[in-house]
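Before I ask anything, here is the structure I am working with.
For reference, chains read A, B, C and D in written order, and residue numbers begin at 1 within each chain.
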């Protein structure tokens, strides 16, 4: 099994949260989604991520959802839980509770209130103190969502000062130069090696990131098999095959990664693929229009043709 | 008793959250603080506000604190609870639970994700749906904290569409023109009358706001008696007395209202006045330096002299 | 000739500003670039755009560049000049001077200081007053660059109150729903018809935008023939051909549209295609690394193959 | 004479730009304003500042205004010119032209596009290269206007790498801790000594800043004699007198420092004091309402009484 540690690789899929048409948490669909993702070959799962619908859940619903996911996964792959919080007391409470339930670790992004290098560094000193020595964690670098620009130097500083930080979710965009910088520093031994999974622009630069040494992807997409196949082709040294696969899915991926409205697209596709029973998004949230659905149908039809042709 | 309704006036004080030196919630100091505030003549209390340490509490600590406040207040003044949330499910959960405990109402600010007039209006339609017909609420207009600019027109639209919105916490800065605009619209009957309590710049424009028709203040300050006395003098028609009182406290108020670091100043003064047992602020939070304490001592000494002179 | 008016369509290409290796303005390359773009079939040109290097030019260099472009174009296509400014006096000065030189019109985006619907509407009232009755202009809706969210309602209001606004550069992202909204309003006659050219995400949604009624594209790309061919195929009713062409260029377009670093990519490609003599970007600006150039080479090689295959 | 160098102190007043009622530049009022300010004892002047109406001037008007100011000042005090610009070519052009006209130096704030410590440091390396060895300059730290948070460490780095940076305009708010940090570093010789003039919150913390080692003030206020007298009293060791003077003006200063609308207040007061012929503000800009003017009248009346009483 691919553990949540410094050597993790492959695809950690960020799950959606399935709801019923009436807005209630849909645990049966949650089970089906987990099975679907495991069958597609993901090597890890991330739940309660920053951009999903986690903030729309009550505390009790969050616990229910995490518990359901962990029960269904039964340890087949590590599950990482988003635990960014406005304060350290709630961060401690949430991370301890999910670790007890069986999570492999947590993921933390900085709050939008820290700006300077020193503020960011000091914040993660407190994160380390809060999480303690027994909770491995993933550093999330996602400026579009947080407003926090972490320079390559700051990320290196955090990695050096954080014995339990085993993974970086590299999501800055553009981010290829930063990725190269970090990989060089790790190779020269200037900074402890961590697993680097990418979600730059919603995974829209995956093949280039793999060429620069990324260990895989951590993002969401209605066709997780694309990311799994791209990562595997790349790992097998077939870079052109990796690009061929990626390019075949790119027109739809680009459409699904539109910030905000993309969640409705992804849920629609998961519903269409029979993974979840309803494409419902909790308010406030996007809804797909007839024109959107026509776009999606065309993109899926053309994608299917390209995949047939690609073999 | 001054109820939480469209005719509310006076001073709704935004409380701090007292901690022990070890960081634990300090319920004994909470009781002392409530007694202190009631003795100073506040007409209402607001807890779990946007700028305080509410986000640093666990869900259980929040409940404990609200319960303690409500028990100590015993209905002598209305207590309003901050219930802004990233999603409607947690907003519903929190507001229902505090209303059951005996809160008079809740206070809601828009999330930083809404920007245009339409988005803001639509958001508060959903707030109304979420809170239901039995929860009176206060609209918080606080662009510095939320990043959301609500025009005078948008506020009027919200007031018209919200039968349970009984109060506006007017906190935009500069905000005097907006306040005048709203008061005129209420006088002309174009918009339902609500109570307007001000916190513009941390209460630093209170006498001018009262002259423009504000019903009182809702903010925090280590000398709540200043706000109570200013509001009373103004209500009695003695505008110059209101200004004299305000001016006497202004040098310290200005210092205490520095965003971020001001919380440490306020807690230090509450501690110095014997209201709370510790000035501790939970991390991440400001600490007063020796130079800060010297500033505060000088400001308090000079303030005491001015008040003696004023009589 | 395709005039700059309410019926404009096709591709208005946003030009780069060519520099010599020593950083000086390169007027010979400017001429070559104009010829190159006209040969590719663009129907208009936009210079001194928001995201280019216009702010790095001195006032005298701006004038020189605009004059050179206009001389070379010799009226074959309309040239629109970016004239957004921090104040109305400089906006008037710049727009009058370029109109005298022969520009077809100017393009204006709101300043980052306006936020509410009313502020935005009032700002464009002053724009109309500033530009006067003889300067046709294009409204630029580009929230990523300006920070200003203009709702569909606000855009309609601006179009109604602006007799000389003949074009919308639709650049909000995601923006498809907003585009549909506006096209419906124009069809129902609720708002004056204007030309709508799109640059949503750097042109990454062009085929979908055309399906929703956009009149063409206004953005920059090192292969302007892609946009011209996509728009023409769509105009001829061959939607699948439009998608085929678009998809062939998408992997490179996605790479070139990375904000910030993309400018170096575009200049490198223009240099490689023999259009300009140097890929130099003025400081502060991005530089392509060896890894970037390897990415670009692979993307161009694969693109060439796809285009051969496509015929 | 107090030169623009590392030992500068006193009050560098940031001037307004006087306009006639019809919006034209008012050079006669400019002369009167200069005389008025020199008579009040300012030790320097700053023109074309970030928050004033400089961006509303055409390039030619800017030159005219700077030339008029320099002619009238006739070298009696140094004049610093704001030269922050979106690019280095315009920054070089503006700074060279004003230095030739007789300016003592320029003032530079970082552009809103730089965020991380490295980006800010690299930006000022380029500023040094741009300004060259003969242009002394002042670093402006004004996060409210620029959005750029410069940590104490970054400011120290800039001072070390900038042989011609002779002054810091300290305008971060809250900023007292940062000021103490910098003064300590200068005293320990870890960073070259520069003149530190403060404008924190519009000068609303002047006495506290002087107690922490600031060399004076650089901001705007309709009663520059307040700042001059406060700085002098402090320099003479009479800290309580400095506070007495400051407190007497604080109610009005607080009102005049409201961001945005404060400019109309300041111009109204300059007009009322006979300094300028018109309180006109160029659009887009604030206008004082009748209620504002009533506020101002009351504040001035009360201020006059306090000053009489103070002696």
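The working rule: a residue touches a chain if its C-beta (ideal position, glycine included) is under 8 Å from a C-beta of that chain, and two chains touch if they have at least 3 such contacts.
Since we're looking at a predicted model, the values are computed, not measured.
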Number of hops, chain B to chain D, where each hop joins two touching chains: 1
Same or different contact residues where chain D meets its copy chain A, judged by the half mark: same
Chain separated most widely from chain B, comparing mean CA positions: C
Pair joined by the larger number of C-beta contacts - C-D, A-C: A-C
Distance between chain centroids, defined by C-alpha means - chain C, chain D (Å): 38
Approximate Å spacing (C-alpha centroids) for the pair chain A, chain D: 47
Approximate Å spacing (C-alpha centroids) for the pair chain A, chain C: 33
In chain A, residues with contacts to at least two other chains: none
Touching residues (chain side chain C, partner chain A) in the complex: 173-174, 176-177, 180, 201, 204-205, 208, 211-212, 240, 243, 246-247, 250-251, 254-255, 258-262, 289, 291-292, 294-295, 298, 302
Interface residues, chain A side, partner chain D - complex: 115-119, 149-151, 153-154
Residue ranges of chain C touching chain D (in the complex, touch as defined): 53, 55-61, 85-90, 92-93, 122-123, 126, 282-284
